[in-house]
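In order of appearance the chains are A, B, C and D, and numbering begins at 1 in each one.
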Amino acid sequence: MLDKNGIAKRIAKEIKNGYYVNLGIGIPTLVANYIPAGIEVVLQSENGLLGMGPFPYEGEEDPDLINAGKQTVTYLKGSAVFDSAMSFGMIRAQKIDLTILGAMEVSEYGDIANWKIPGKMVKGMGGAMDLVASAKNIIVAMQQVNKAGESKLLPKCTLPITGLRCVKKIVTELGVYDIHHEGGFILRERAPGVTIEQIQNATAGTLIIPGEVPEMVID
Amino acid sequence: MINKVVKNADEAIHDIHDGAVLMLGGFGLCGIPENLIAALLRKGVKNLTCISNNAGVDDFGIGLLLKTRQVKKMISSYVGENDEFERQLLSGELDVELIPQGTLATRCMMAGYGIPFFPTPAGVGTEVALGKQIVHHKGKDYLIEEAFEADFALVKAWKGDTAGNLIYRSTARNFNPLMAMAGKITIAEVEILVEAGELDPDQIHTPGIYVHRIFQGEKYEKRIEQRTVRKRL
Amino acid sequence: MLDKNGIAKRIAKEIKNGYYVNLGIGIPTLVANYIPAGIEVVLQSENGLLGMGPFPYEGEEDPDLINAGKQTVTYLKGSAVFDSAMSFGMIRAQKIDLTILGAMEVSEYGDIANWKIPGKMVKGMGGAMDLVASAKNIIVAMQQVNKAGESKLLPKCTLPITGLRCVKKIVTELGVYDIHHEGGFILRERAPGVTIEQIQNATAGTLIIPGEVPEMVID
Amino acid sequence: MINKVVKNADEAIHDIHDGAVLMLGGFGLCGIPENLIAALLRKGVKNLTCISNNAGVDDFGIGLLLKTRQVKKMISSYVGENDEFERQLLSGELDVELIPQGTLATRCMMAGYGIPFFPTPAGVGTEVALGKQIVHHKGKDYLIEEAFEADFALVKAWKGDTAGNLIYRSTARNFNPLMAMAGKITIAEVEILVEAGELDPDQIHTPGIYVHRIFQGEKYEKRIEQRTVRKRL
């Protein structure tokens, strides 16, 4: 079974040289720590920054330079700043090669719910609906089972939807899944030490097992 | 060149009236019009509708106007980090309209570009789509969203000149240039006000035609919401 | 009767302090020469310049700094440059206070034709259709009679239309006219030495004469 | 940072094929991609569709490609000052679509912003409206215009860096940043190419994400179309 960093490490392997990548808050943010050497990637932050660098050294924080999580960050050589309309313009026009997001639920058709829980204070969707509606390649990073022990890979989302038929791939503590275009989670890899049975028990939606399923290699 | 300078924030907002629809620039607490918010507090105008990506925190930004109950309605994409906001929302004192961030930004921009509506895929199949026209175009569905109409846009820039030309600094740019284009009356506060002719025409983000009033703000706090750092090795 | 410079001079009196103005090619360009002292005006050139200055001194021409007529120009203190989409954005959003254009024909409803003559090589509308469709205040500067002696103030345009019901005021060699919202050219002023009869003969559309019509004062 | 540098104009256009749809930046002869046009001449690709505000003059700019009959169709707002153009148009060799300048600019921008269509009042009641959907909105009529789709955008900037970030100079900006956003493949030629990190992030007009290939052009002629001067007193 993978921990959060394990999930991030596995997702990092999906990043190809030359990609522009948008990372959501939570596990997706960790992915930046595991981008393989020799792979040149540019991180976009939807508040208006391309080429997001690491956190500043203590004492060098600039209140004018933050990321979409409102954290102080830095420039890299070649960074560019722009307004929020251009930022979502490049998202809508599919200039971002890969978008990595967290989720509360994903359906077997690739629908995603990640912004609102009925009965709880609603904080807003931020940029999530724009991202999922336009991104050509979305990987979801999530825990497969919620705190109540229920699967979050569902036949149909029960929470309010963020976007329809948009998720392409999911990486959880148990495995890697692609979405079948006619519905279903295609099991591509098992996390180290995890059995098909464990995965089946943690998947409420249709699980598709394409013959032999390899154990993932993350290091 | 036409001179847009006013004395201070109080003069700049003299005609903002109860019930006005305002746009306020900024993302989180980054690039917010601190002096103009303080002047709104002093003036005490009520029943404001605020179009702003966020709603500040309890003791800074738009949060200050929430505390004094000057805001009737917030139109935002994300309103976390604010207990008073939550209390007023749950008690029904405050009306909140949540819209996707890209849609919010683009509705401002389109107002500045004189384009009254536009299609976007954001929100299709979600509760954001309720009551909205859906158009199918080349194999994809889009919601039709309208340009905003705002009585006043309150923006914060880094540098400005007497002709109203503005330059923003780093990610404090965010919604500011979009709202500057969109306001019926646009008021800009700047950290540094210079004479017309001192800014490079190629570097101006907001041409002065969009700005009706400009002044140099004071005592910028520029509070950091999430101070994240790394250790020196 | 006015010459071109007289027409330009008369139009210059319509410009108020603090106006942003777009000047078309031809007589409108001359208006810049007659803006009264003490009146601060900013000229917009739709290729992406606010604060268009005079022609450069010989030897100081900059090929990168031109106006919409492709003429070399200069900056003023406070000029700003932007792309063509923002330029027409500010036109569409009615940030320009006054637009002064030439015309081949104007109808009594304020329709304008100024881009195409059937049978002649068509060069294109450039920005004219955008300007007339959006400007809140359009003054046309034109000769009232064409070379064949025919009036260009018509009941209805005969040439291909540039825009409908957009012209507010017309200044010609003979007079100043406002457009009546139900149709008709309201004669506001006569050019020096010009009679109502001369004007009537040169106006093919409905001419509305509101009592006494003063002779214009241009100096 | 991702490196977008190619050796020269010929390498930059190696995959531009017969029948391609191109956008070419510039207003008149100001800010045109001189080196890329020269490379298209050398390559001899034919049946091109060129989206460009103007069509150059007889012996410069796109006029050069007209002379060699490499252009099948021009999509422009104004095509004066070109005898060969006129000859080909009247003889039926060349197809021309004239569209209002603001509509042209906005159709480029919308492609870059992922907005597939938009309303504009320009052209309502004119022959430009023929065959187009007309929408009535809040008391005014609008034509529905579509975002452009172009295989390649060829743009000229003043400065660029190896990451593809671009800065334009003065009114040579014009359509260039809009087309840069709009091309499926965007190729930029610059007068000055610098290392990533040498440009101020706040001054970049076109972020590198939009630019696929960049190179430093040579021997810029930057011809002036209407040399207008005033005498020193």
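Keep in mind that, in the parts below, a residue touches a chain if its C-beta (ideal position, glycine included) is under 8 Å from a C-beta of that chain, and two chains touch if they have at least 3 such contacts.
What you see is a predicted model; the values in this text were computed from it and never measured.
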**Request:** Identify the chains in contact with subunit A as well as subunit D, in label order.
**Result:** B
**Request:** For the pairs B-C and A-B, output the one whose chains share more C-beta pairs in contact.
**Result:** A-B
**Item:** From subunit C, the most remote chain by mean C-alpha position
**Value:** A
**Prompt:** How many angstrom between the C-alpha centroids of subunit D and subunit B?
**Reply:** 33
**Message:** Could you work out how far the Cα centre of subunit B sits from that of subunit C, in whole Å?
**Reply:** 36
**Request:** Provide the C-alpha centroid distance between subunit A and subunit B, rounded to the nearest whole angstrom.
**Result:** 29
**Item:** Rounded Å distance, subunit A centre to subunit C centre (Cα mean)
**Value:** 56
**Complete:** Residues of subunit A that touch at least two other chains are 81-82, 85, 89, 91-92, 134
**Item:** Set of subunit D residues in contact with two or more other chains
**Value:** 106, 113, 115, 120, 169-170, 173, 201-202
**Topology of the chain contact graph, where touching chains are joined (line, ring, star, complete, other)** = other
**Request:** Could you list each pair of chains that touch one another?
**Result:** A-B, A-D, B-C, B-D, C-D
**Message:** Quick check on the complex: what are the subunit B residues that touch subunit D?
**Reply:** 106, 113, 115-120, 137-138, 140, 142, 167-170, 173, 201-203
**Prompt:** For subunit D, which residues are in contact with subunit C within the complex?
**Reply:** 27-31, 53, 76-80, 86, 89-90, 98, 100-106, 108-109, 120-128, 158, 169-178, 205, 222-232
**Message:** Could you list, by residue number, the parts of subunit D that touch subunit A in their complex?
**Reply:** 1-3, 111-115, 161-163, 165, 181, 195-197, 201-202, 204, 207-210
**Request:** Spell out the part of subunit C that touches subunit B in their complex, as residue ranges.
**Result:** 18, 20, 40-42, 44, 50-51, 75-82, 85-86, 89-96, 134
**Asked** Residues of subunit A touching subunit B in their complex?
**Response** 45-49, 54-67, 69-73, 81-85, 87-89, 91-92, 111, 121-130, 133-134, 160-164
